[in-house]
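What follows is chain A paired twice: with chain B in the first complex and chain C in the second.
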Partner chain A sequence: MLDAALFRRWMYAMAAAVDREAGRLTELDSAIGDADHGSNLQRGFAAVAAVLEKEEPATPGGVLTLAGRQLISTVGGASGPLYGTLLRRTGKELGDAASVSREELASALGTGVGAVAQLGGAQAGDKTMLDALLPAVEALGSSFGAARDAADAGALATVPLQARKGRASYLGERSVGHQDPGATSAALLVGALAEVAG
Partner chain B sequence: MSAGKAVGIVLVSHSAAVAGAVAELAKGLAGGGDTAPVAAAGGTPDGGLGTSAELICAAAREVDRGAGVAVLVDLGSAVLTVKALLAEGDELPDGTRLVDAPFVEGAVAALVTASAGADLAAVEAAAAEAYDYRKA
Partner chain C sequence: MRMLINVPETVVADALRGMAAAHPELNVDVENRVLVRRDAPVSGKVGLVSGGGSGHEPLHGSFVGRGMLDAACPGEVFTSPVPDQMVRAAAAVDSGAGVLFVVKNYTGDVLNFDMAAELLEEEDIRIAKVLVNDDVAVTDSLYTAGRRGTGATLFVEKIAGAAAEEGTPLERVAEIAKRVNDHSRSFGVALSACTTPAKGSPTFDLPSGQLELGVGIHGEPGRERRAMMTSREIADFSVDAILDDRRPTGPVLVLVNGMGSTPLLELYGFNAEVQRVLAQRGVVVARTLVGNYVTSLDMAGCSVTLCQIDEELLRLWDAPVKTAALRWGC
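And then the complex of A and B:
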């Protein structure tokens, strides 16, 4: 079973991963976006880590809803409301349980991913974070490692796609050939989960 | 403006200069004395380009007179941030609405309508109607 302490370690691991990969995320975003994805997520997850240290929520749901709220209020780009909605909706879905199973997390994460799709009006194949998250949620039913691998594969599979959402969509065919930064950071989030829970 | 309770207008742009200038433009064109309250929420708190939930919430509270707040936005993250804040439920004043309208034209239409004492639905309709005016 996964408890609040593990969910906090997940968020810390994500903050560390975003720190480590900020340069690469920004490089990917400079190809098809506005070159701030790395720094935005760095700022957002640093704030998440700080608020979790201070408030120490007692449940997995509490950890994720607090983290999501923090992302919405601190990130100045689209990744804030998108990741914020993902974590908040997932957290709300987990409710007040003191600990949850991997299957329960997979189901709640599915709801969170659905909320992200609704917020951004995107679907699979639009070259967004959903291309990493959707296969990861499905694979999370099997194992944490499978979810990580599915997210990584999903992020890589965005390379040949043409962007249909966000700033990258203005580039049309010129967005083809670049890995989507949002799918890449989403794979980091799933990788961080596998790192602490796998 | 006859009614004491006017609809408030919030203008959310990626740029503080754009949000501020559009607010000035709308006030100038709404003209003729007092206008309904309008506030700009542009860029990030440190003056950069982007969207700030903090500035949006502060602007909405500033213009809220109890008759609702119409929020007009420019691009991507401005749209998503306002939608996410509305989904939170308790971040923005009651009766806050994201208005689907062109930013500049919608802002002028919204402020003129709100300054005439119209309610939130009428303000929203006037702003959205700006989409129907083709330029070529």
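And then the complex of A and C:
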């Protein structure tokens, strides 16, 4: 079973991963966007780590809703509301349970991902974070490692796609051939979960 | 990298401190990143709030003042502000007459303003929104995030600002703002990429001797790259791109806008070509504004915006305005 301490470690691991990969995320974003994805997530998850140190929520749901709210308040751009909604909605779905199973997390995360799809009006194949998150949620039913691998594969599979959402969509066909920065950071989030729980 | 900054992390806050020092008529909350006209809330007046990523100065902060915006929320460079800033700004300017959000059509701006509007409705502050989406370079809106908001933002903020200053009610100010947007079209060209402080190098690679047609205002590449063109050729291409999309049936406002590092010498020369091609196409120009208004950091290049006006819109355009960057009639 997964408890609040593990969810906190997940968020810290994500903050560390974003720190490590900020340059790469920004590089990917400069090819088809506006070159701020790395620095934006770095700012947001640093703030998440800071608020979790201070408030120490007692439940997995509490950790994620607090983290989501913090992202909405600090990131801005599209990734603030989208990542914020993903974590907040997933956290709400987990409710007040002191600990949750992998299957329960997979189901809650599915609801969170659905909320992201609704908010952004995007679907699979639009070259967005959903292309990593949707296969990851499905694979999370089997194992954490499978979720990580599915997210990584989903992020890689965005390379040949033409973007239909966000700023990259303005490039039309010129967005083909570049990996989507949002799918890449989403794979980092799933990878961080596998790192602490796998 | 040659930039007049300390570190990328403090660029926005440093600029706000500088604005506060230069403009005592503004109330600048550096920590929460909100600029408000000092006499807000003005009794009985609809509040006009806009915001977006920093790096487009003078948009939006320098358009706060009498006859234009009541408050602005600057985000990080090229990143929309967060809902907390918009909530704070709306609360500071609402006199009970409601608040109009002027939102440029970018996914981040739209999502954050939507979240702010939801929060404010819970506090019983009446909110209306106008979406600015004037950029004709984005043609296939079914498969994109929709047309970007660019130069028309200035027209919307000025004209709706004048209407609000006259005491016009919220629904009517929103309708006027929407009319200005519907009647506006823009097209932009980049002669160089811009450099964001966080990245420290140009956001895309544009070899000398080439230009990008149909760029936005965030250092994102455009739709097409070509060999460098003359000012005359760029004016023909840009104006025709606009007229192909919407041919005005009456006089227009013209904005010839610099992207940040194109000198006025070049912009006025370009304006001469824009006026020539408009005359050739039979478009009557009512007013023209030339300068750096909706910029993209240090990008070289320009954009053209046309807005077809009627009697009411022209009167509101000519109404007094007193802001850091736009000022006439008072």
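Assume the second predicted complex is superposed on the first by the 198 of 198 C-alpha atoms of A that agree within 3 Å, B and C clash if a C-alpha of one lies under 4 Å from a C-alpha of the other, contacts with A are read in each partner's own complex, and residues count from 1 in each chain.
One rule holds in what follows: contacts are C-beta pairs under 8 Å (C-beta built on N, C-alpha and C of every residue); 3 or more make two chains touch, one makes a residue touch a chain.
The structure presented is a predicted model; accordingly, all values stated were derived computationally and were not measured.
K.L.:
With chain A superposed, do chain B and chain C clash or fit?
P.N.:
clash
K.L.:
With both structures placed on chain A, which of the two partners, chain B or chain C, ends up touching more residues of chain A?
P.N.:
After superposition, C is the partner touching more of chain A.
K.L.:
Counting only touches as set out at the top, which of chain B and chain C does A:Arg174 meet: first, second, both, neither?
P.N.:
Second partner only, chain C.
K.L.:
Does the superposition put A:Arg164 against chain B (first), chain C (second), both, or neither?
P.N.:
second
K.L.:
Scan A:Leu119 for contacts with chain B and chain C and give back first, second, both or neither.
P.N.:
It touches chain B and chain C both.
K.L.:
Pick one for A:Gly77: touches chain B only (first), chain C only (second), both, or neither.
P.N.:
Both partners.
K.L.:
Contact-wise, after the overlay, does A:Ser143 reach chain B, chain C, both or neither (first, second, both, neither)?
P.N.:
In the superposition, A:Ser143 contacts neither chain B nor chain C.
K.L.:
Quick check on the superposed pair: does A:Ser30 touch chain B, chain C, both, or neither? Answer first, second, both or neither.
P.N.:
Touch status of A:Ser30: second partner only.
K.L.:
Touch test for A:Arg69: chain B only (first), chain C only (second), both, or neither?
P.N.:
A:Arg69 sits against chain B, while chain C stays out of touch.
K.L.:
Residue by residue on chain A, keep only those touching chain B in one complex and chain C in the other, then list them.
P.N.:
Residues 36, 40, 72-74, 76-78, 80-82, 119-120, 166-167 of chain A touch both chain B and chain C.
K.L.:
Looking at the complex, which residues from chain A come into contact with chain B?
P.N.:
36, 40, 69, 72-74, 76-78, 80-82, 84-85, 88, 119-120, 166-167
K.L.:
Could you list, by residue number, the parts of chain A that touch chain C in their complex?
P.N.:
Against chain C, the touching part of chain A is residues 26, 30-36, 38-40, 43, 72-82, 119-120, 162, 164-167, 169-172, 174.
K.L.:
Residues of chain B touching chain A in their complex?
P.N.:
Counting only chain B, the residues touching chain A are 43-44, 48-54, 75-77, 80-81, 83-85, 87-88.
K.L.:
With touch defined as at the start, can you tell me which chain C residues reach chain A in the complex?
P.N.:
Contacts found on chain C: 8, 53, 75-84, 106-108, 111-112, 115, 137-138, 140, 143-145, 148, 196, 198-199, 203-204, 216, 218-221, 223.
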